[in-house]
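So, here's a batch of structures to check.
Common to both upcoming complexes is chain A, partnered first by chain B, then by chain C.
Now for the complex of A and B:
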């Protein structure tokens, strides 16, 4: 897209190279970061950014590209997390298999929300996702014989075992998180360049117009939601083993759904890199706010989220990546000019 | 323990006689009484949606603010919530009007997604602001009639809930009279049906939006006031009512006031019966299943949406 807007065809190829090189350079820095022997806190912070960035990318597939506001992504995350945790704890099943069950559960959940609500115009999908999120949380609390209800699941550490995705150091989790984030970015990139991506953009712009040119609204939205749910379930599965503790309030509450939405919105919905930027801003900001006001239930970080949400929606609804786009292009052009 | 004795007597009788309908009748009565409060919250939500097509995700938090306003006014003046409702409603009307004019008005012509995100932000801000200011502990507003009850055979009707039910329906009826019998109400309805034509009739839609939002918030807060004699006041108290109101409004047809009242009674009874005969923890589950069924089979609601009366 950026190459197209430039006049001279000859400069195209030259500009495209730094456009590819810069993300690769960033990736190289991220890959090398643990080699600099940073302390565990920084590694964990980076890992959290990766996981939440991936969640933002997953939400972005339906919420950003398709413009369908989902508040159910916490429950989809929980549907990925709980089967993985339960299978690992009770039957010793590797999260690599348990995660597949979790992804399946998240996909089924997505179909249960999407099928009844995507046929309708208006705010029904958003309302349906809100209801689904509550149903999941209520059921997780209710079936305490299986889920341990409000006590939550504790994943015991069974020693350094790559098959169980359990490691005694922080570095492997870091690389695992980075891999999942890359998968999320790649999914966004592929969708944005695909036929489905253009369909979704049309739906986001004007559903009636999209339908009138022959786009099957329900199927397109359902596909995007399923893809989004599968990725969310995968993150839920891996995150469970990483964090080693899940409970309904932390993984299936509306607060987590809002956090995921916020990550995508701060960065910029419907863009490939928006959720990555959003997580890079929001997760450290949450850490700072927790450090300043305490991470207890006094809700300081939630007030921060709320204010950010209101400010972004009113003053920069397309996200902060918009502000970076022009400097980034100038930078690319300058590199190309020198080279 | 003494207050529980009628209930335990009922359940013992159920065991001995088998066919006793008392638990069922009691559950229906409890559900209808709650339904009255749901109606008031939902009517406020539906008038906002019906007029400016905005889904207010912060609605439950205005119920909570109504409860806190009542709690604080009560602790300063010692007056009964039924008296304080005359202070809480105007106060919350003004607060709602300010929120509309300063924040909501900016997104009135934006897509639903934008509006929902904004009101969601307001919701989280109000809830956690209350948490920061007043702490999480539940607070009670004591009234002399808190434990009084009427008895019809074995069925027991708690007096504060009956009062709340009757006042809620009275307020809904007053709103209906306002919309159908006064010029201002007609102007509001005209705006809800077609804002562009309303302008041609000399109506300022922005004023109508402010009015509708203020009324909706005042009604939500009134519901909060009415429930203080029997529900504790705390920052998350409104979450449940906000969610219930969405279900009710979809069930009744979005923007339909009569539908909201009927839908609220249906939801109240559904919740109560699920709680009584399935499991208390699953009462909300029954409500949400009903919600999803409505979305699948009758998304326009039991009456049909779109009309503001």
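Now for the complex of A and C:
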């Protein structure tokens, strides 16, 4: 079947094209995976891939589609995590509500970052976001009366309690993580197909030219950053109940910001699926590195990231997803040919 | 009138790049803006579109004062420019470049696509719709830049040296396109270095030299003006 016969064949046929069936097939496998009763470790690894993939998708909205190198995403993550944790621990507020407060805090953080820094261009924006990230981390350490500073917050486990998103098994977190990742992919898909996606591509390409044809640079970037922050805050809230421990070092450090950026760059910035691929590669690699060199020596995985980044930038600056694109198209064509 | 430039001045440090320049553009006309290198032609475009902030004077589009607005607001009001060194969005397809222009008047991707396809046809870029703008030649990048601006449905299109660097054949193509646009009623400000092209296409011409307007009028009158010959054509005429 060639492309031109598609409109005549109608909507139902379009749903049956392999380009739409394969992602659904992958989703079905992921949904069924816990039923095979895998090791808890594998479930947790998959969950980690999901939430890091979602973080990559969130960053990609502004950093990939819009080309604005944000190094503040760890702080947005922390702004999602801390309100969730504090409300749950101190007041017993369900993370379903606390998470909303966290998302709101992350959005306010995005406005605080974006409003002053989006007037800056090039490296100055990246430096501005870097400063914001450090300020957030230091404030979390400083206000120890509320945040317990470097000791961090421990979310006490009080038995299976779905309302508080506390579960004694790994499966519920797996499905929650998967749902959040799907939301991240969906956000990227919707943005890429909309006027906003085109506007962000224009801003990535040339800001003067974008402005000359009527694009409001600051508003467009702010919208993308706010969306990105909301998603990042959501992942932060999820992380809080999933890991049940947050401290400034693990949720607000510049290392985390860089890791999020790397996930998107390795997979492919400005593509819908790139961050998912990036997380699928980077997170297991981190596990292997931690197993080999000991997780205490975090330096080992940093060296790994650096090497990976250099290789990607040299040989495939637009990410590994481009290497998969052609084989994937060939595969689609084969399936279509047989069907 | 459509656009009225009134006493616009711009200084860079001690240098007055544009000094008290006034002119008007009537609806439907092509106004040529010429002058030697460094005369302030591009600066004037940057002032009208507010890429630079004027040190004095006013720019009125119909009744709106454009001074102080952001460049994107100027574009939304219908004054759209191209850049002397063209600035396509290199990583995305030619068609998508033009769609981004069309999005100024619609938020519907299907409608933007239809406008973009129509506009590409007009500048003969349809065969290149799907390739990334990076792979286009200089001539085609200039056409793309024009198409992208046209897709915003401007009231006034300001073309900054779209014919510079083109060979005579390509210039004729470009002139053809401009005539077609005029036939559709589009008002244009054409900044050019290529004299033949400017004389050929313009209804009226404004001449800048050292940031000041030294002549304005019909092409024939301007090219016979003694001041213009001295400032701009002098050496060429002596040798001729």
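In the analysis below, the second predicted complex is superposed on the first by the 321 of 339 C-alpha atoms of A that agree within 3 Å, B and C clash if a C-alpha of one lies under 4 Å from a C-alpha of the other, contacts with A are read in each partner's own complex, and residues count from 1 in each chain.
The rule is simple: contacts are C-beta pairs under 8 Å (C-beta built on N, C-alpha and C of every residue); 3 or more make two chains touch, one makes a residue touch a chain.
Computed from a predicted model, the values in this text were never measured in an experiment.
Visitor: With the two complexes overlaid on their shared chain, look at chain A and say whether chain B and chain C clash or fit.
Guide: Fit.
Visitor: Applying the touch criterion given at the start, work out whether A:307 contacts chain B, chain C, both or neither, answering first, second, both or neither.
Guide: first
Visitor: According to the stated criteria, A:122 is in contact with first (chain B), second (chain C), both, or neither; which is it?
Guide: first
Visitor: Name the contact category of A:265: first (chain B only), second (chain C only), both, or neither.
Guide: It touches chain B, and chain C stays clear.
Visitor: Looking at the overlay, what does A:69 touch: chain B (first), chain C (second), both, or neither?
Guide: first
Visitor: If you count the residues of chain A that each partner touches, which comes out higher, chain B or chain C?
Guide: Comparing touch counts on chain A for chain B and chain C gives B.
Visitor: Scan A:317 for contacts with chain B and chain C and give back first, second, both or neither.
Guide: The answer is first: A:317 touches chain B but not chain C.
Visitor: State whether A:202 touches chain B only (first), chain C only (second), both chains, or neither.
Guide: In the superposed model, A:202 contacts chain C only, not chain B.
Visitor: Which of the two partners, first being chain B and second being chain C, lies in contact with A:216: first, second, both, or neither?
Guide: A:216 sits against chain C, while chain B stays out of touch.
Visitor: Check the residue A:151 against both partner chains and state whether it touches chain B (first), chain C (second), both, or neither.
Guide: neither
Visitor: Taking the superposition as given, tell me the minimum C-alpha spacing from chain B to chain C, whole angstrom.
Guide: Nearest C-alpha atoms of the two chains are 13 Å apart.
Visitor: Across the two complexes, find the residues of chain A that touch chain B and also touch chain C.
Guide: none
Visitor: Considering the complex alone, what residue numbers of chain A touch chain B?
Guide: For this pair, the touching residues of chain A are 67-69, 71, 112, 115-117, 119-120, 122-124, 126-128, 130-132, 134-135, 138-139, 141-142, 255, 258, 261, 265, 297-300, 302-303, 305-310, 313-314, 317.
Visitor: Looking at the complex, which residues from chain C come into contact with chain A?
Guide: 49, 51, 70-72, 75-76, 80-83, 87-92, 96, 99-101, 103-104, 107, 109, 112, 145, 148-149, 151-152
Visitor: Sort out for me which residues of chain B touch chain A in the complex.
Guide: 55, 103, 106-107, 111-114, 116-118, 120-125, 127-129, 131-132, 136, 243, 246-247, 250, 254, 279, 281-282, 284-285, 288-289, 291-292, 295-296, 299
Visitor: Can you check the complex and tell me which residues of chain A touch chain C?
Guide: Per the touch definition, chain A meets chain C at residues 193-195, 198-199, 201-202, 204-206, 208-217.
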